[in-house]
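Note that chain A is present in both complexes that follow, paired respectively with chain B and with chain C.
So, the complex of A and B:
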């Protein structure tokens, strides 16, 4: 008897996505419908279901596994979804995005992400990857009138397909050595090899799977699509995909590399270390030279992928809380980056995206609260105490030091010190530059609630991180 | 009861919240009054806490707010701890901080309401972080304050951001401090991996217990680890406290409002580096090499800044170089192991340097923004309160006997001499001659002689231009200010809100030194005995570690004397020592007087002689005027290459060549009609795919060749 429990959160979100699509179909032209509300209901349901499923380790069809790890990621994704929905209402209307498509695709994208975190089989991971990618490709190009948007979507799509091919190739090699695509079977086959040099097929599988994941998390040298896609997409979509895709992709990355591929750790650590180092350096250095905020945050997102990779590399069964560092970092990054990009999105209009550095000049004068919140998010991205970003980086770097990856820790500290420079450029713009009195749109109460939520999370995680860290620890313990 | 410690940083933080969020709607008297009130309240609570601490045995209060960062074997609780060292610091921060807040009420009065509230919100936030910095019981908590004060200082330097120089100065301060922070973080990580703790007391005890270990971390012996870690921490300290080679930001930081210069860039934040070393005195004592570096850098900075101070013409810049120079003295003290003497000087310096800055602020205020000494003169009769208080500050810093600076500076010089660092002592003495000279050059040029301000009015329009600009920035209703400070009524001395802090600080500058009257003068040097426990391992911890037998060799080490401390020599040959000390004191008194005499000769009697001298030693004069060309050197060696690298090298080469070109080119190509497909042909997506493919080749190639 197949147990359906494990897929309940995914199904709930999928249903709300379908409802959003239907609502759009029945909408009279010009009629206003609170479609975001449907999404909120679905996400709240999924979050509730995830809470109830905690510790149950439910499985469905043998390939979907709702262990605590998947559920923790589910909760992060629900936070991302809820914040996105709260920011969307006004923005979608103002930018004249097609509402039905937007909400349905966002919710289906979240389904794919949840599935990716819960998949226990390489093929299902691939399927989930495609589900979320297709949604995101279309969302990127949703501003049909915009040339930049169309081009970004197209580039993202082409490169995404290219990388998917590598990933699939890796799945094939994995199947070749173990005769299965199930993660547990692959793990059994690999540990049966014992010590000594692993077979070439296994190494090829590791390398190609790493490429597939590295593309999705935008690690160097697979990052090229990121700045274009982030800049070209509608800002609200950038906010959603920069956090959601990263969380889902890292979830699968961590699950595959720490569970079945754990026996090959000695082989993949050097590769990923090199990637992490280059990623941090390039993301930071190039970020310094940017003048467009979305592009700057794209490079920042690349750099953060590097820090997250350190967390993955520095994982070891004995290393207490260091294990949970990746999950904690994902949550931190989600609320922080969504907050920052959310503010950019909320200030944009159809005519003016409000995403150039100079657009932020004098924001403190005209919108003191938004400027204050933006400062909090930027400081958190830069890792300054007492925000969540500081704690997250702290855990990652101490884990790296404890595991002996001193160079990565040093590069990490160095680049995060430099990165504060470009985050603070925005702060300087807001507080220390006279702005031209550009009319800025009103920010609705729902969006303010979302920002308040994100700010509260940034400070909560920064000041009292232990509870969440314990949860993260409990959840990663189920896979590793 | 001890939870009142929490209130100390929380009170100014509450002030910050109110002024930051509703400050715009408050009137000036409310937002300024509130900011002062929370500081005074924090001062009150500080006094109470210190009083409570004095009654406790051992003398320390701890407030544990529970676990903050827990990761495996690393447990970092959020703990505030008050001990003698932090007691001195919180009294300075809240006490002098309150006075500077009160002074600001008058000084910033011309600002518009919203700017006024912004100013006080930053100032309160700064105080809050500074208090966390000094009360934190472990490195991460201290780091919260460390980063926070840096941020506030940055915002306050750039407060008048419409002035390009102010914005630049803010940026410079920020970047230089980043380099220092890097040292702080790396030092902290190294300490953690070696000693497994970040609590100051734990680290001290473990450092002492394991000092003799041959392999504490990898191949490094414990001593090597401690040397590296303390050098890294010192890099952080040098950044914050403007020591060579990171001293370049502090003089530029004078672009901020003058009360900010007094509070942050003289009395409190810049001393955080000295405090950091004092806090980790045990660790530094086990790293003799680092101590030597600290002493050498300190004395070199003192000398260098002192010489530059001789030729500067901006009143605040003279004071800024003086601050750098005095901080050098404090590091000298730290470096020769005279921690108490260094902190003593930190404490007296806070009084007289805050006084001097506030006095210079009163001058600038009266002259509607004028900062150039060449345009002052004869202010003595117009600004009597400012003059007399300023004079007291100058006498104190010059080291004239019986004022506070005399006791503390002398203590440092004596300790340097008695610990056998004769050469360092000699430079210290030369520097104190320079101190007296540049300080009194300033006093004579500004307050004595004839007024030169009006004479220049018509003659040098190019010199007046920046002045008017500053005046405009300072006071938006410029005409009102002009009339106020201007020509009809003559010059106005400081209004009460500015005069009272000046008077209180002047009294402080006289009497503050009497807590540390040396034995040679029949005193008891209370401050040294008071501070001593902070520089040693906590009594119960020492037992804990030796009893647990951390390692057999180390238990001997831990009980052995930490280093050649001066007090031990004192007990050996008190009489001879006191004789030396008295002799040295006589010498430095003479030097102070000589310095004042030199200044009087060149600035009052024979100004032409000064010019002739400058002319004769033209090269040297230019060298000093240009601050030894350090800024230019950094610009050429560091700034330009980095700029090239990030805009022309890495960025252009790796990414921008295809990436940033595309975004700007996008519109063009798409508009030509063939949509995104056409873009494909032009190469960018091919380069993207090539990069991806290159990555694949590298990874798989590595595997295939390696295995």
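So, the complex of A and C:
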């Protein structure tokens, strides 16, 4: 009799996705149904289950391991889900997206993300990756009337399936070394090789797995899909996928590379360091030239993937600061980016996406609260104190310096400074430019509650980060 | 007895496969392909792989052939149009040459591979027979420490794919 405890959060989210689907099926034409509420209940349940499972290190079926690391990611994903649901209620109706399918796919996507964070087996990681990718591909193409949406979905789908094939090839090589897809057994097989040059098969496995993960976290040179997909997708989907997919992919990235593949650290650290450096530079430099907010935040998302990679690299068996910094950064990035893109989504209408830089002109005059909140999120993305973004970057760069990756820390600081320029460009537009006649719809109370929640989190993590950081440190201590 | 069955199935598979290529009417090709898949399934039974045989019939002869039939009917192609002489004159010799080179390559590869591993490899291995039995596969697939979770995760994956296909392909109203 196996223990089912570890899969409870995943099952709850999957069930709420199914409930959303059934609710749509029984909906009368023209009837309004609070499907977002169903999602909120499911996500709250999953968060509660994750809290109860804390410190239990439960395992189910031998392939799902709900250690504190996975539970921490679960909680981040629940925050992402709750914020998405709060914003969606209004946006889905206004943009005339198919409601039941939208919520069902979002919830199944979160289910896949949770599975990916908790998977202790490369096969399950692959399946989870496919569950979350498929939902996100479809969500990207949900605006049927829009050509840009269809193009984005198609590009994302083609390149994404290509990267899945790379990942699967890597899994095959890892299986060839150890005769198992379980992470612990791959680790045993690799450390049994001892020091010296690792076998070619192991290097191939590391390389191909890294390509698969780098695609999903949109690291250079596998970032090409990101700007197009983020721009073409409905804005609320961009908000969801830029945060959720990144959190889940980095969770699995950290778990695979710092646990079974740790013996090969000498081989993969130089490669990933180069990738991290190039990712930060390209994301920032190209981001400066953008005039579309969603495209700009896409390049910012690429740059943030670079910072997160520094956290992944800056670890040693005795020092887990980098891993904890990654967890903290993922939470920070989730609330900040969801807040910023959420505001863009809430200001958009079916005719006007409200995603060009000039659309923001004079926002301070017509919507002072939204302009103020947007400023907070943008400053946090840029990493200015007293917001969460500053603390998150601080911990990442500290970890890099502790492990001797000085030049990565220097590139990180320099690109952060440059990136402030393009975040401030929006701020200047909002406050100092005369407004155009852009029609801006009303923002309902539920969405304002979501924005308030995100803002509170940005300031809480920015001013009193110790509690959450201690939790992050405790959650990585148990497994690696 | 087994040998006779083998020759019957093998002959059926080869003849129907050749006929698939030779038909002018795509509908006939598809029907003959079903017969060819059926013959292959028979060969799998003879090889002591009943599970593979059943999946061959359910998935290939069933699901995939229905898909083919749908495409043929959707495109409404009662018979293949003969290529215009101008194109046929230019394309055929080059195409034939490429096909000949490829088939020679494939034949050479097969001969090389067989000579490397030797025919002894094909001798009956009693352990191998039980691996593909339905019981073994079932207990591996649904055992709690086996692939039970992967199986369930796949079902969610397929559900997501179905919702996605419906939402992207249905008519706007």
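Assume the second predicted complex is superposed on the first by the 475 of 480 C-alpha atoms of A that agree within 3 Å, B and C clash if a C-alpha of one lies under 4 Å from a C-alpha of the other, contacts with A are read in each partner's own complex, and residues count from 1 in each chain.
In this text, contacts are C-beta pairs under 8 Å (C-beta built on N, C-alpha and C of every residue); 3 or more make two chains touch, one makes a residue touch a chain.
This is a predicted model, so every value here is computed, not measured.
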item	value
Partner chain(s) touched by A:282 [first = chain B, second = chain C, both, neither]	first
Touching partner for A:172 - first (chain B), second (chain C), both, neither	neither
First (chain B), second (chain C), both or neither touched by A:210	first
Partner chain in contact with A:44 - chain B first, chain C second, else both or neither	neither
First (chain B), second (chain C), both or neither touched by A:201	neither
Touching partner for A:137 - first (chain B), second (chain C), both, neither	second
Contacts of A:477 with chain B and chain C, given as first, second, both or neither	neither
Touching partner for A:465 - first (chain B), second (chain C), both, neither	first
Broader residue contact with chain A after superposition on the shared chain, chain B or chain C	B
Chain A - residues contacting chain C, complex	1-2, 7, 14, 21, 60-64, 98, 101, 104-105, 108-109, 111-112, 115, 121, 123-124, 127-128, 130-131, 134-135, 137-138, 141-142, 144-145, 153
Partner chain A, residues of chain C touching it in the complex	144-145, 147-150, 153-154, 156-157, 159-161, 163-164, 166-168, 172
Chain B contact footprint on chain A (complex, rising order)	147-148, 150-151, 154-155, 158-159, 162-163, 166, 197-198, 200, 203-204, 206-208, 210-211, 214-215, 220-222, 224-225, 227-228, 231-232, 267, 270-271, 282, 285-286, 288-289, 295, 319-322, 325, 365, 368-369, 372, 379, 384-386, 390-391, 394-395, 397-399, 401-402, 409-410, 413-414, 417-418, 420-421, 424, 428, 431-434, 463-466, 469
For the chain B and chain A complex, residues of the former touching the latter	20-21, 24, 67-74, 114, 140, 143-144, 147-148, 151, 154-155, 158, 161-162, 167, 170-171, 174-175, 178, 181-182, 185-186, 189, 192-193, 645-647, 650-651, 654-656, 658-659, 662-663, 666-667, 670-671, 675-676, 679-680, 684-685, 687-689, 691-692, 694-696, 698-700, 702-704, 707
